[in-house]
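One chain, chain A, appears in both complexes that follow, with chain B as partner in the first and chain C in the second.
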Partner chain A sequence: MFADLGFVLAAIVTLAGGVIAVGARNLYRSVLGLMLSLTGVAGLFLVQRAEFLAVVQVLVFVGGVSVLIVFALILVEREGAAMETGVNPGLVPVAAIVAVILSGSVIYAVVRSPLGAAPPAAVQSRDIGEALLNRYLVPFEAVSLLLLAALVGALLIAREKRN
Partner chain B sequence: MLGVKAYAIVAALLFGLGVYGALARRHAIAVLVALELMLNGAMLAFASFSRLHPLAQAVSGQAFVIFIIAVAAAETIVGLALVLALHRVFRTARLDAFELLKW
Partner chain C sequence: MGVIEGLFTGGKEFVMQVAAAWLPAPLLVLLSAALSAVALLAFAAVTFMYLTWLERKVAGRFQDRYGPNRVGPFGLLQPIADGLKFVMKEDIIPVGADRVVHELAPVLAVTPVLMLFLVLPFGRGMTGADLNVGVLFFLGVSAVQSPVVIAAGMGARSKYSVLGSMRAAAQILSYEIPMVLAVLSVVMAAGTMSTNSIVEAQARDGWYVLTPWGAFGMLVFLLAATAESNRHPFDMAEAESELVAGFHTEYSGFKFGLFQMAEFLGGFASCGLAATLFLGGWLGPAFLPTWGVFMIKTYALFFVLMWFRATLPRFRIDQLMAFAWLLLFPLSLLVILSSALWHFLALAPALVASLVLLGGGYWVLSGVLWREFERSSGPRDVTGVR
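Right after this comes the complex of A and B.
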């Protein structure tokens, strides 16, 4: 019962934040809506007893990625009118149709499926750590290489070129 | 405890919101924000469906979410760097201003 209430609250926060992130004309509001939505997803992890994921979600997404986006926003746009950008009116029908088809087909398949109730996750941080360093060692190292490459590549792309 | 269905529906709605934003928004940073929403929908689906595994200690779903988080962070870094580089060339980050490939 308590978990159900938590689910409803977190789901509302997630979807409301998503609507703000996509719908707000002001770019700052958009990023703030994204932060709200990411926090809601962390809450959904928590309700399912995936505590480690919730913590990582808050650390990396809410604390890292969102702040990074805000910094890029400060560098790119001035305050005031430049922050106000809406949607491209010509693309709205196409985007809405594609989104409704993708999301609707998944929802239809899920509702029709015989998925039953499931117990909350019984995975502990220790299990995840052991899996990352045993079974998933190669992907783990590949991801660390990817992060290094992204770091160097981002510096290379964003750098001001001087002769 | 609600079943996996409710979580999967929330994940699909979040993904749909992200698809709409990524296709319709006019500013490059707004598109990156929408991409984050899509990735989070996928992550939520992974974490929820992993609960259906017969083994209670099955860790694969959550390990996948960890990898998705890492890849999403890398993708955001590179995307924002590209936005900055484009802004240096075009003096704007609005997507309808980039028309070098149009004829």
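Right after this comes the complex of A and C.
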């Protein structure tokens, strides 16, 4: 009973945060909405008893990534110009196509997945560590290499601009 | 003796037994949670009140004066007078402010800090929620601070607030890394992330602060935690000689009080975690109740923070960042390495190896840091943009 209640609450928070993120006219409010949404996702993980994932979600996305987004906003902000979002009419069809593909694939995945099967046992951080460092070691390392490349690339671009 | 030891756990058990006769089982779960939560909240509020008093008394002693001594005996009623003053002050909202964000930020600052107390093991069987990822929970929840600080600064749309919040966020992000790495060394040694199990592992291994990596780890952790909670000498966010009051410049009255509460309780909770990770938590002599032992250790560490505040001058922002990246970050990596060596080698070679690693590392790194300080001394741009 409590788990269901928790799920509903976390889902409401996630969706409300998403709506704020997309709908807010002020960009800072958008980022705050995104943070709210990400916190809600952490709540969803918690309901599924994936405590490790929930905590990492907050640590990485709420505490790290969204702060970096705010830094990026401040760096590109012009003196006096309001940070406002708007609708670009030319891109509406493209957005519609992307939305249809995205929601279609999510719905397909949900329908295909064995819902209603036995609830998963609590995921131990030990299991995650072993999976990352044994079974999925190569993809894991590949992703970190990709991130490193992106990092160096971003640094390079930023430096060129400054000189 | 058993009575004092079981004052809190026994009290809760008693209430639960009485309630079991009256309430259905699902409500009992709620009651159990509510009892722990109310106890923690009351503890946090009272602790905050008397930490402000204690800090002013201690700072007064360090500076050869009395500190608060007018309201009540020894000034003991001062926090209550302060609280009344906070409530009665005018609530000012800047004209250009984003009202919703401005009003929400102080509440969002305090909530995660209160959640930190959930995973601290106050005594044997006295952890609010003994999560199997307890330590990570602590770090994750305290990481919420930086977006809140940014929200507070951005919401006010004032130059001082924005500059202060940028500094604070940069500082919190930078010091988070050595802090997490220092904690990681303990997690590796104990083989668990549950705060309670870490204390129990120290009953087996001895206090971690007594090993070379533990001593350095605790140093790194305590410094990083001080910076995380924006306390002196790392309180660049509110360097009043430069930024008025940093990210909470535009806050008055009770909302300012909430920020202060977050700062004090954040520092206190970090001391609690340091006591748990390195000083053996509630392990201590048998004639003291376990929660008493924990409190003594935590207050002793908090006294060190007050000592910092009373005696040290403030860092400059570029020195602050250099301190995190040139000294604490590499040192925390060495701490992890020597923690691993400690685990795999025999005592004597491990001792030699970690002393060479940590001592040599500290010598080299502090030399590098010193050269950076000397290079950057003299008048220069101190806005934090390099």
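Of note:
Methods note: the second predicted complex is superposed on the first by the 126 of 163 C-alpha atoms of A that agree within 3 Å, B and C clash if a C-alpha of one lies under 4 Å from a C-alpha of the other, contacts with A are read in each partner's own complex, and residues count from 1 in each chain.
Here is the rule we go by: a residue touches a chain if its C-beta (ideal position, glycine included) is under 8 Å from a C-beta of that chain, and two chains touch if they have at least 3 such contacts.
On a predicted model such as this, the values are computed, not experimentally measured, just so you know.
In the superposed model, A:Leu5 lies in contact with neither chain B nor chain C. When the two complexes are overlaid on their common chain A, residue A:Val152 makes contact with neither chain B nor chain C.
Of the two partner chains placed by superposition, only chain C is touched by A:Tyr28; chain B is not.
By the touch criterion defined above, A:Gly64 lies against chain B and chain C together after alignment on the C-alpha atoms of chain A. Looking at the shared chain after the overlay, A:Leu137 reaches neither chain B nor chain C. Of the two partner chains, chain B and chain C are each touched by A:Phe52. By the touch criterion defined above, A:Ile74 reaches chain C but does not reach chain B. Within the superposed three-chain model, A:Leu91 lies in touch with chain B and out of touch with chain C [touch as defined at top].
Shared contact residues of chain A with chain B and chain C: 52, 56, 64.
Against chain A, the residues of chain B that register as touching in their complex are 1-10, 12-27, 29-30, 32-34, 36-37, 40, 43-44, 47-48, 50-52, 56-60, 62-63, 65-67, 69-78, 80-85, 87-88, 93-96. Looking at the complex, you find that chain C touches chain A at residues 26, 29, 98, 100-101, 131-133, 136-137, 139-141, 143-147, 150-151, 154, 162, 166, 169, 173, 176, 193.
If you check the complex, the residues on chain A that touch chain B are 3-4, 7, 11, 14-15, 18-19, 21-22, 27, 30-31, 34, 37-38, 41, 44-45, 48, 50, 52-53, 56-57, 60-61, 64-65, 68-69, 72-73, 75-77, 85-88, 91-92, 94-96, 98-100, 102-104, 106-107, 110-111, 113, 115-123, 127-128, 130-132, 135-136, 139, 143, 146-147, 149-151, 153-155, 157-158, 160. Those residues of chain A lying in contact with chain C across their complex are 1-2, 26, 28-29, 32, 35, 51-52, 55-56, 58-59, 62-64, 66-67, 70-71, 74, 124-125.
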